[in-house]
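In the two complexes that follow, chain A is the common piece, with chain B as its partner first and chain C second.
Up next, the complex of A and B:
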């Protein structure tokens, strides 16, 4: 029984080690990443603009097609992350309650096994076995993959809350639910958010695979470039995906900072 | 408000533990084995014993953080063994060693926890929070908006006490509340807490493993053996003068006479006088005062009457031409009048002129304590305690 939890903890420790988010570094620090990304995008635009595009390239590299692809990609990431949270956070809460102690190791083992299966296999299996294609099928694949980091971080976040704080809360007459809502969850927020950030980054990257089952996204652009042997198209698709991933990671880092309970920040006033 | 048995002179029983037993799953022996104990209203009862004796388990069964296996808990005449535990706990203050302050909430919000649970309105809660913070000597305006992390350990524990008093409970449970605090701050917090208790008169169950703390804090002490069985339940005086058995004697350890000094306060004895001069006086005046006394130094008081300097004859000679508050040494051995004789003796031993200076709450000089007075106090305590033990023995109230 007790052998599973340490594994979970170790995994989640890896998960939590996202680079320290835009910490205390002032507004100059906060602006660095958006500026770099803007410079990359502008350079890419100028470069593409300066080239004579053939008809195949022009079909992929126009404002309408690219904004559709980016829009689909963002939708894939956002929807899959929201669904992941809706499943993983409540599950994490349930699995840290005393009454689920017996089933905890089994469920975690199961989900960890699930994560070991690559998303692409999940997508292909869904498509081939159930003829399940398109946006929704892609969401299923993404969610399955992203649940584990959020779940483990939720559990670790809840379990790392100081036992004394909970006992004091119980001792003052907070009900179990009040202890969860007022103490455990707020105090677990930083760790849970680190899990959410990881899920977002995983999803924004993996969403490029959705193109294989007609799920849309920036994967379409890259695939178009690959199948027509147009390097420029491939590069545009890849750069846009990377910029989007970095932007989302940056925004998630901002959210992490903003949502962290004030009393837990390491600054002393 | 409660129906206690009609024994008029006996103080009201606030907490009655009846045959209370706890066995943790998977253990062979009962952690608490059939404990029966009456705790009177307005008293501090200290549960003290070696580690593993079940004292903390006993305390935690009173607010049912640990549910008893069998037995009954009666609070103010009402059987609360099976009532709603959350409701019960809002009526019982709870202070733990590691403070357990909520790190994400401000000090004000922490203290407001129970008033909010009890559904008090915002204005009442706010004024209660300020009142409580003032009670534990913390300026509400300065500390209300801070976070626990920004406070020292001693301040955190003060907030812990204020928070426990939030809903004005009749009963408080305190689990080694001063255990994790440095000795000097602990001393201060203990004294402050005793002063606070003299105002609020709560019924307090206090757990510690430190017999000295038990003697200092307790109106009554329950010395517990394994399985929370009571070796002796009595006043500190009686436990020190008439230990019930070898276990108690061993547990008190050596120096029972010295420990008894923790029972009396400096304000209870007559202070000795010591020659003093004002800081504004001249060196010549100080010289004269010193010559006329049979002491080797005079105590210089500042304009507020607070001890400022010890000045001896040698200091006067070397400091010629300077003002009195610039020569000599700063008095180190200073205690407030509510300190115990034990505190005073501790200071006295290391003090330069073998006396401890006593000051009032505002730091103004009241007098001094020297070794003679400590001796006298020990003698008179021994007399009265022995006399009392004899009368009780004659009354047949204690078993031989």
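Up next, the complex of A and C:
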């Protein structure tokens, strides 16, 4: 395989999908995003409210239909994220144990290339190959797609833990398992939190496509607009999807800052 | 066997879609690289602008692609324009982030010696900092390419070019034998492009990295 990561470039540089962690910000910084999102939602509401909706538009654009779509979207995102993390984080820990040292560059290259597999392919393949449609199929598709970036994140993050610290731990007489539990995992908490955020952001985006396999979610609203040729419905669906994605990313970022182990907080740049 | 037959029958189509897919991703990567590297160089020294640029480009990547394509439908219409525009937005973050990381990781001692040798700010950037940061920058470009290859497939919802069309047509024929072939062929096409692009980047990286740090 000629595509191994060359010298001078660490594996960390191949992780894309992690949104950059927000740095230290004042309370103004914390309020910017919710304010922008609120303004967008209010203007959208006022605009739609001021329009005469025809019966087709009214069928999609009412509180009941929209809240169902949002509820389904949140459910798709939450369930798929939990399953993704349950699979990807332990697998990441397993794949960074010493016995995989030889094959690790190969695995990372493969995972990097795997990021090119289109999300829509994963969902659609389930549909056309196994005639597997609906909410559960969407969950399987979302998890299959999100595992790659989260796994990549976890592996790269664990590798970044300073080798000297681990050696110090072994020198103090800790067993391999104790080193993992008492040094590596706590030091990797930021990485795991970043993984949670990555999984959430990816899943909330991919869940939009669940509509293609009858999985529900906000994609339904966009599709309803597309199939009936109603631009207003399409735009409402797309804006709600974007607002939801940005809100989830924002909340995950907050959680990331709050849950950071205290001892590590000051070292972040 | 049946799948191979399908590939044979549709070889012309598949090749044409592959070229279109590669072309739009290639163009988007090129534009994103130029803008991204410029933004990185402009902001890597000062904290506020740097965090601002990273936050904005990160926000682009958070917006789901399906939604963004639909939102661009109004201003840019159908076809390649909304796809190209969206791909450029999605491609910025990895390039900007790696440019900033790469430039900031250049050893301050090296920069000081360059200063001591009388190089001015521009010469330092062009002759010392950028060559040293280059491998990291190009890794960002490489990753951008891989991610954009996948996102481009969704561009088919706004009649964008490439393998997405094959995948979505396959979905429309769900239940028929040809559906599986179409979706598999489209997916495989994207993966083949990913491997090809990666090989190209590997070569480019080898050829453009300063010999001293290879």
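By our rule, the second predicted complex is superposed on the first by the 229 of 269 C-alpha atoms of A that agree within 3 Å, B and C clash if a C-alpha of one lies under 4 Å from a C-alpha of the other, contacts with A are read in each partner's own complex, and residues count from 1 in each chain.
In the analysis below, a residue touches a chain if its C-beta (ideal position, glycine included) is under 8 Å from a C-beta of that chain, and two chains touch if they have at least 3 such contacts.
These figures come from a predicted structure and were not determined experimentally.
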Exercise. When the two structures are overlaid on chain A, which partner does A:186 contact: first (chain B), second (chain C), both, or neither?
Worked result: first
Problem set entry | Of chain C and chain B, partner touching more chain A residues | C
Exercise. Which holds for A:115: it touches chain B only (first), chain C only (second), both, or neither?
Worked result: second
For this session: Considering only touches as defined above, state whether A:215 meets chain B (first), chain C (second), both or neither.
Result: neither
Exercise. Do any residues of chain A touch both chain B and chain C, and if so, which are they?
Worked result: none
Exercise. What residues of chain C sit close enough to touch chain A in their complex?
Worked result: 47, 51, 54-55, 58-59, 61-68, 70-71, 73-74, 93-94, 97-98, 101, 135-136, 139-140, 142-144, 146-147, 149-154, 157, 163-164, 167-168, 170-171, 173-175, 179-180, 183-184, 186-187, 190-191, 193-195, 198-199, 202, 205-206, 209, 213-214
For this session: Please name which positions on chain A make contact with chain C in the complex.
Result: 2-3, 5-9, 13-17, 19-20, 22-23, 112-113, 115-121, 124-125, 127-129, 131, 201, 204-206, 208-209, 212, 219, 222, 225-226, 231, 234-235, 237-239, 241-242, 245-246, 249
Seminar exercise, completed: chain A partner, complex, touching residues on chain B are 63, 65, 86-92, 94, 96-106, 113-114, 117, 147-150, 160, 163-164, 166, 173
Exercise. Where on chain A is chain B touching in the complex?
Worked result: 162, 164-175, 178, 182-183, 186-187, 261-264, 268-269
